[in-house]
Amino acid sequence: MDAFKNWVARTGMGSVLVLALVIMVVFPLTMDIFRLNLVGKYLTYAFVAVGLVMLWGYGGILSLGQGCFFGLGGYMMAMFLKLEASDPESTKIQSTPGIPDFMDWNQITELPFWWEPFNHLPLALIAVVLVPMVLAFIISFAMFKRRVGGVYFAIITQAVALILTVLIIGQQGYTGGVNGITDLKTLLGWDIRDDSSKYVLYFVNAALLIGVILLCRWIQMSKLGTLLLAMRDKEDRVRFSGYDVAMFKVFVFVLAAGISAIGGAMFTLQVGFMSPSFVGIVPSIEMVIFAAVGGRMSLVGAVYGALLVNAGKTYFSESAPDLWLFLMAALFIGVVLAFPNGLAGLYESHVKPWFSRRKSVAKPAASAGEPPAPPSAPTHKSAPPAALPGGVQGQSA
Amino acid sequence: MSNTDFVLAIEDLTVSFDGFKAIDALTLYVDRGELRVIIGPNGAGKTTLLDLICGKTKASGGSIKFKNVEMTKLQEHKIVRAGIGRKFQTPSIYENLSVFKNLEVSFPRGRSVLGALGFRCTDEVKARVQSVADEIGLGDALDTEAGLLSHGQKQWLEIGMLLMQEPELLMLDEPIAGMSVRERELTAELLQRICKGRSVIVIEHDMDFVKRIAHKVTVMHQGKILAEGSMDKVQNDPKVIDVYLGH
Amino acid sequence: MSFDEIYNIALMQGFAGLSLFSVLLLMGLGLAIIFGQMGVINMAHGEFMTIGAYTIFMFSSLTETYAPGLVQAYFPIAIVAAFFIAFAFGWLTEWALIRHLYKRPLDTLLATWGLSLGMQQVFRSTFGPKEVSPTLPEWLMGSWAPSEGLDIPINGLFVLGLTAVVTGGVLLALYKSRWGLRVRATVANRAMANATGINTKRTDRLTFAIGCGIAGVAGAAFTTIGSTGPTSGSLYIVDAFLVVTFGGAASLLGTVASAFGIAQTQSIAEFFLTGSMAKVLTLLLIVTILMIRPQGLFASKIRR
Amino acid sequence: MADKKDTIPAPLTDEQRRKVLLGMAAAPALMVPGVSFGNAQFPTAKVNTTKLAVTDTEVIVGQLHSATGTMAISETGSIQAEQLAIDQINAMGGILGRKIKVIKEDGASDWPTFAEKSKKLLVNDKVACVFGCWTSASRKAVLPVFEKENGLLYYPTFYEGLEQSKNVIYTGQEATQQIIWGLDWASKEKKAKTYFLVGSDYIWPRTSMKIARKHIESVGKLGKVVGEEYYPLGHTNFNSLINKIKVAKPDCIFAAVVGGSNVAFYKQLKAAGITGVKQFLLTLSVTEDEMLGVGGENFAGFYSSMKYFQSLDNANNKAFVEAFKKAYGPKSVIGDVTQAGYLGPWLWKAAVEKAGSFDVDKVVAASPGIELKSAPEGYVKVHENHHLWSKARIAQGQPDGTFKVVAESADLIEPNPFPKGYQ
C-alpha cells in the first residue's frame, strides 16, 4: 500500500485519477447529453492544450500554429465520413453521384486520387495522425536544425497556419472551401448523430485523452522529459553533452502535432463537421490560452484550462456577449501577468499548502505530496527567469 | 597532412567575423595525457578557439583533427560523442534539476530520441553518478537542487557532468573564476586527478593556478600563438611580457 | 495590344508593386522599432493602426459637422493627431503591461493578443460594429493621368510619400538623435546603457510609444485605400510580422528591403496568377527562405 | 385547463383588438374563421403537439446571429430587422394569441459556436423556430442540427443556392435570382459584351461566378468572359487586379467581393481612374450596409443587383423604413439582407396561422404558397422549394451613399436553387 502511495506521489498519478473520475464519472452522471456533448467538444481542444504543455511548457517552444494539426486531423476524419455520407444513393441529385457534394458544385467529376485512401477507415485513421505529424516534421526539422527558435518559430508557425487556411479556402473543389466539410452522418453505418452514439464518442474521447495524458506523463518521467527541461534551461549544455538538440525539439513538436490531430479527429466525430476556421491563427492562439490558463507545466491543468475557458465562453457569450471579449482579454493578460503557472500554479501555491496545513494538524507525520498534485513535481519554476508569485518552489525530485 | 600521435592537431585554423580575424592561421598540437593551459590577454581568441574545437563556431579555414578525424565539418553533438567535452565560462548547469539528475542526464547512453525514451536509470548508472559526485565533492548533495549550490560547487558540478561523459579531451574555460582560495586548491587537485588518462585544455588567467597545474602553456595574442612551452619559459619570453605589460 | 498600352500597364504594374511596398513598409515600420529594437512582440499592432484610422474618422466627422469648409485641409492635421493619440495609448500600454514582460517575449505575445481582443471590443462599443467611411478630401481621390491610358492612383502616391517621410524620419531619429543613440545603446547592452546614465526604462517607454505612434500614422494613411472598422487592423498584422521577420528583425534597412521584395513578388505573382495562389506562393517563399536563412535578409553579424 | 382562468379575463379586450388588427394586417393566409377567444380557440395542447416552448400566452423563438466577431458588421442589420418585425407582431397581439419571446444567441462569427447554439436553442430551449445565420458556412454548420432535431430556420441572406432543406425557409435570393436577370439587363441596357468576373475566394462568389459564366457564355449567350479572379478574404491590395482589368478592358466588371476587401476594392478602383463615369460595374455584394464602409463617393455610378433597396418607392417600404429608423436611429440604413431578415417573422406568422399550429412539420407543410403582400420589397411568395419568389432590381450608387433604383424585373422571379444548365 505504501509502495502504491509512493508511486502515486512520485508519478503525480493522483491528479490524473481525479481527472479521469471527473470526466468519466462525474460529468456523465450530472449532465444531460447536450451539455455532455459540449464538454466532449471542449475536451477535444484539451488535446491541443496537452500537446502545448509538452511543447511549450516542457520544450519551451511556442507554436501559434497548432490549429493546423488539429484541423488536419479533423479534416482527415471528415474526409472519410464525407465519403461515407456521399454514397451514390444519397447523392443522386448531383450531376456526378457518389462524390462529395462540394466537389459536384465545383464541376469535379471524379474523386481526386488523394481522396481515394479515405474510402478505408484504417487508412483514414492512420492518415489522421500521420499526415499532421509528417507536416510537423517537415516544418520543425528544417527550422530546429537551423536553430530557429522562440519568437521566430512562433511567427513562422503562424504563417504556416495562414498558408494552410488560404489553401483550404482557395481549393474549395477539393476541400469544401470556407464552409468546410459538413453534413457528416455515419461511421461505418453507425449514426454518429444519435444521442447514444454521442455517449459512446464522449467516452472514447475521454479515454483517449486520459491515454494521451498518461503517455505524456510517461515521456515527462523518462530521460527525455528531463532533457526537455534541461534544454529549456541551458540548451547549449545539452548540445555539448552529446545530444542532438534539434531532434528532441522535432520529436516534441511532432508529438504535440499528433496529439492535436487526435483531438481534431474526435472533434469531427462529435461535432459533425470540420471547417477552416479551426486551422487559422485565431483558434491556434486561443488554444495556447487554454494551456496557459490551466498551467503550462501541468498536463491535467491544461484539461481544466480548456474546460474552464470554453465553459466561460459559452456562458458569457450567452449572458453578456459584449463582456465576453473583455473577459477573454483580461484572461490573456491576467494569466501572463499575475498567474504564469495558471490554475496548477494557484493550486500548488494556495490550495496545496492549505491542505498540508490541515493535514499536519490532524496527522503530524503526514508525508508531503499526498493530495493529488499536478504532475510536474520537480519543476515548478516558470520557464522565464522573471519573478513568480511566491511559494512555487519545486520540491526535490 | 598525415596522421599524428597527437590527440588534437589544429593546423592553419582561421575564423573571421565580418573581416575581423579572431583566429588567424593558428596551429596547435596537444598530446595524449597532457594538461595544457592557454593564457593570453582579453580578446586574444582563447574562448573562440574552444568554440571552434567543439563546433560552436564554424571555421573559415584550416583543420582540426581529433585522434586523426577531421572535426570542422561535424555537428556539435557528434564532436562531443567523438570524445571532446567542454565546460563553459559561466557555470552551465540545469538549475532546476537536482545534482543527481544533472549528472544522470550527462551519462553517455540514451543520447538519441528513442534511446532517451527507453533509458533506464540502472544500478550501474547510479553507481557511476555516485562515484563522479564523490570525485567532485558533491557526494552528499545528490538530492539538492543545482540552483541552490554555491558558485564553486556549480563549477565542479559542470566538470562532473563532463566527467560522466568520459571524454578523451576535456576543455575548461576559466574553471576557477569566482572561486575562493580554498576552492581553487581543491579544483587544482581535481584537475590533476582527472587529467590521468585524458588530455585537458584549460583557459585561465590566474598565474599561480596555471603554474600549479600546467604541463605546458600556450600564450595567445590577436588570434595567433605568441609563445608555447613550460611556464618558466613563457614567463620570461620578452614578447609575452610585452603583450601583458606593454599597453 | 499596342506597345503604348503594354508600356502603360507595365508602368502601372510597377507602381502597384511600389504602392504595396509602401503599404507593407509603413505597417512594418512601427513593428520593426518595437519588435526589432526592443524584442517585444506586439500583437496589438493592428489595433494601434485602427486607432489611427478612427482618428481620421473622428476628425472627418467633426470637420464635416462644425467646419465643413475645412474638409479639404483636415487630413494632414488628423494624421499628426493619429500619431499622438496612438503614441499616448502606446505610452500607457507600455506602462501598464509591456514593462512587466521584457524578459518574456512569448508571454508578451499572449498578453498583447489579449489586449488586441479588448481593443477591438472597445472600438465596437464606441463606433459600432459596422465599418465607417471617413470623408476624404477631394485632392486625395482619383488618379493622376499624365498621359492617355496611364492612371497613377493619388492615394497610392500619398501613401508612398508618407512612407518615405516616416521612414526617413525614423532612420534619422534612430541614427542621429539622442533618442536613437539611447535606443541603440539599450539594444546593444541594457546593463551597460543603464550604467552610463541612460534611463533605459524611459527609453523603452518612448520607443514603444513611437512604434505605436507610427502604427497610428499607418492606420490613418490606410483609410485612403482600405476599410475602417473594429477589425480592420487585424487584416495587416500577420503580413507586418512577416515583413519584419523576413527583413532580419534588428535591421531597419532589412525591413525596407524585405517589404520591397515581398511587395514585388506578390504584386507580380498576382498579375500572372490568381489572387489566392499568389498569396500562398508569396507566403511559402517567405517561409522557405526563412527556414534556410532564419536570421532574415539583413542580420547583424556578431559572435554568438 | 385550470390555469386558463387567470389569463383569459384581462387580455380579453386585447384579444378583440388583436382580431381587428389582424384583419388589417392583411395576412392573406389567415383562414381562421369566426370570432376567436384566442387561446380558447387555439389551446396549447392542440397547437403544440411536439413539446415546443409554447405556453398559453407565449411562444419562444430563437435568434442566432453574430453579435461579436468579424461578421457582426453584417449581421447587426438582420438582428435589428428581425427584432423589429417581432415587436410589431407582438404589438398586434402576437401569433395565435401568444406573444413572441426571443432568446438571442451569439454565434460570435464562429461556425461551431453556431452549431452549438442552434442545438441549445432546439434541444434545451425548444424554440418554435429560429431566425438566424448569415454566412453560408454558419448555415452549413447548423443545417444538420436543424434536420436532426427537426427545427425551423429562417435564413435571410442571398446565397449560392445548391441547397434545399425541409427545415429551412430561405428569405434571401438564391444565386440565379440575383444574377441572371441582372446580367440580361447589363447585356440589353448597357450593351455589355465582355465581362470580367471578380470575387472573394469562397463558395458564394465562386458559385455565383460559375453561374454568371455559364449564363454569359452558353445559356444566355451574352458575350464572353475576359477574366475571372478570386482574392482571399481580407485581401486589401487590388492594384494588380486593377491592372489586369485594364488589360482586359471589359464592358462590365461583375463583382462579388466581400468584407473589408470590398472597401479596399472600390477605393482603389476609384484611385486608379476606374469610376462609374467611365466603366460599367455590376456587383452582387454592395448593399446600403456595405456602402457605409465603402463611402458613396467611391461607389458613385456603379450598379448593384439586389431584390431590395432602401429607396424603393412603395407604401410598405415607406412604413418599414420609418419604423426601422424610429427604432434604431435616423442614421441607420437598411440593406437587402436586413429586409429579408424582416420578412422571416412575418412569413412564419402567416404559416403558423395557416397551419393553426406551431408544430414544425405543420408550419413547414403550410409554408409553400404563403404570400406576403405587406413586404417592404413588394410582394413575395414562398415556393415549393422553400425559397421566395421575388423581383430582381438594379440600382445605381449615388455620391451620398444611397441607391437609385434604375430597373426592376417585371414579374416575380422563380427561385431555382439547383439550376439546370448551370452546373
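As written, the chain order gives the labels A, B, C and D, with residue 1 at the start of each chain.
In this text, contacts are C-beta pairs under 8 Å (C-beta built on N, C-alpha and C of every residue); 3 or more make two chains touch, one makes a residue touch a chain.
For clarity, every value in this text was computed on a predicted model and none was experimentally measured.
Novice: Which chain's mean C-alpha position is the greatest distance from chain B's?
Specialist: D
Novice: Where the centre of all protein Cα atoms falls, which chain's Cα centre is nearest to that point?
Specialist: Given all protein C-alpha atoms shown, the central chain works out to be A.
Novice: Between A-D and C-D, which chain pair shares more contacting C-beta pairs?
Specialist: Answer to which pair has more contacts is C-D.
Novice: If you average the Cα atoms of chain A and of chain D to get two centres, how far apart are those centres in Å?
Specialist: It comes to 38 Å between the two C-alpha centres.
Novice: Distance from the CA centroid of chain B to that of chain D, rounded to the nearest Å?
Specialist: About 76 Å, centre to centre.
Novice: Averaged over CA atoms, how far is the centre of chain C from the centre of chain D? Could you give it in whole Å?
Specialist: Taking the average C-alpha coordinate of chain C and of chain D, the gap between them is 38 Å.
Novice: Could you give the separation in Å between the centres of chain A and chain C, each centre being the mean of its C-alpha atoms?
Specialist: The answer is 34 Å.
Novice: Would you pick out the residues of chain D that each touch at least 2 other chains?
Specialist: 67-68, 201, 230, 232
Novice: Show the residues in chain A shared as contacts by 2 or more other chains, in ascending order.
Specialist: Where chain A meets two or more other chains at a single residue, that happens at 166, 169-170, 322, 325.
Novice: Can you list the chain B residues in contact with two or more other chains?
Specialist: 56
Novice: Applying the document's contact rule, which stretches of chain A touch chain B when the two form their complex?
Specialist: Per the touch definition, chain A meets chain B at residues 219, 222-224, 226-227, 229-230, 233-234, 236-245, 247-248, 251, 378-379, 381, 394, 396-397.
Novice: Enumerate the contact residues on chain A facing chain D in the complex.
Specialist: Answer in residue numbers: 34, 37-38, 41, 93, 95, 101-102, 104-107, 166, 169-170, 172, 177-180, 182-185, 193, 271-273, 275, 277-278, 314, 317-318, 321-322, 324-325.
Novice: Give the list of chain B residues in touch with chain A in this complex.
Specialist: Contact set of chain B toward chain A: 54, 56, 75-77, 80-81, 85-86, 88, 92-98, 100-101, 104-106, 108, 110-113, 116-119, 121, 143-145, 158, 161, 165.
Novice: Give every residue of chain D touching chain A within the complex, in rising order.
Specialist: 67-68, 105-106, 108, 110-113, 115-116, 119-120, 123-124, 135-137, 140-141, 143-144, 148, 162, 201-203, 206-207, 210, 230, 232-233, 418, 423
Novice: Residues of chain A touching chain C in their complex?
Specialist: Within the complex, chain A touches chain C at residues 56, 62, 64, 142-143, 146-148, 150-152, 154-156, 158-160, 162-163, 166-167, 169-170, 281, 285, 288-289, 292, 322, 325-326, 328-333, 335-337, 340, 384-386.
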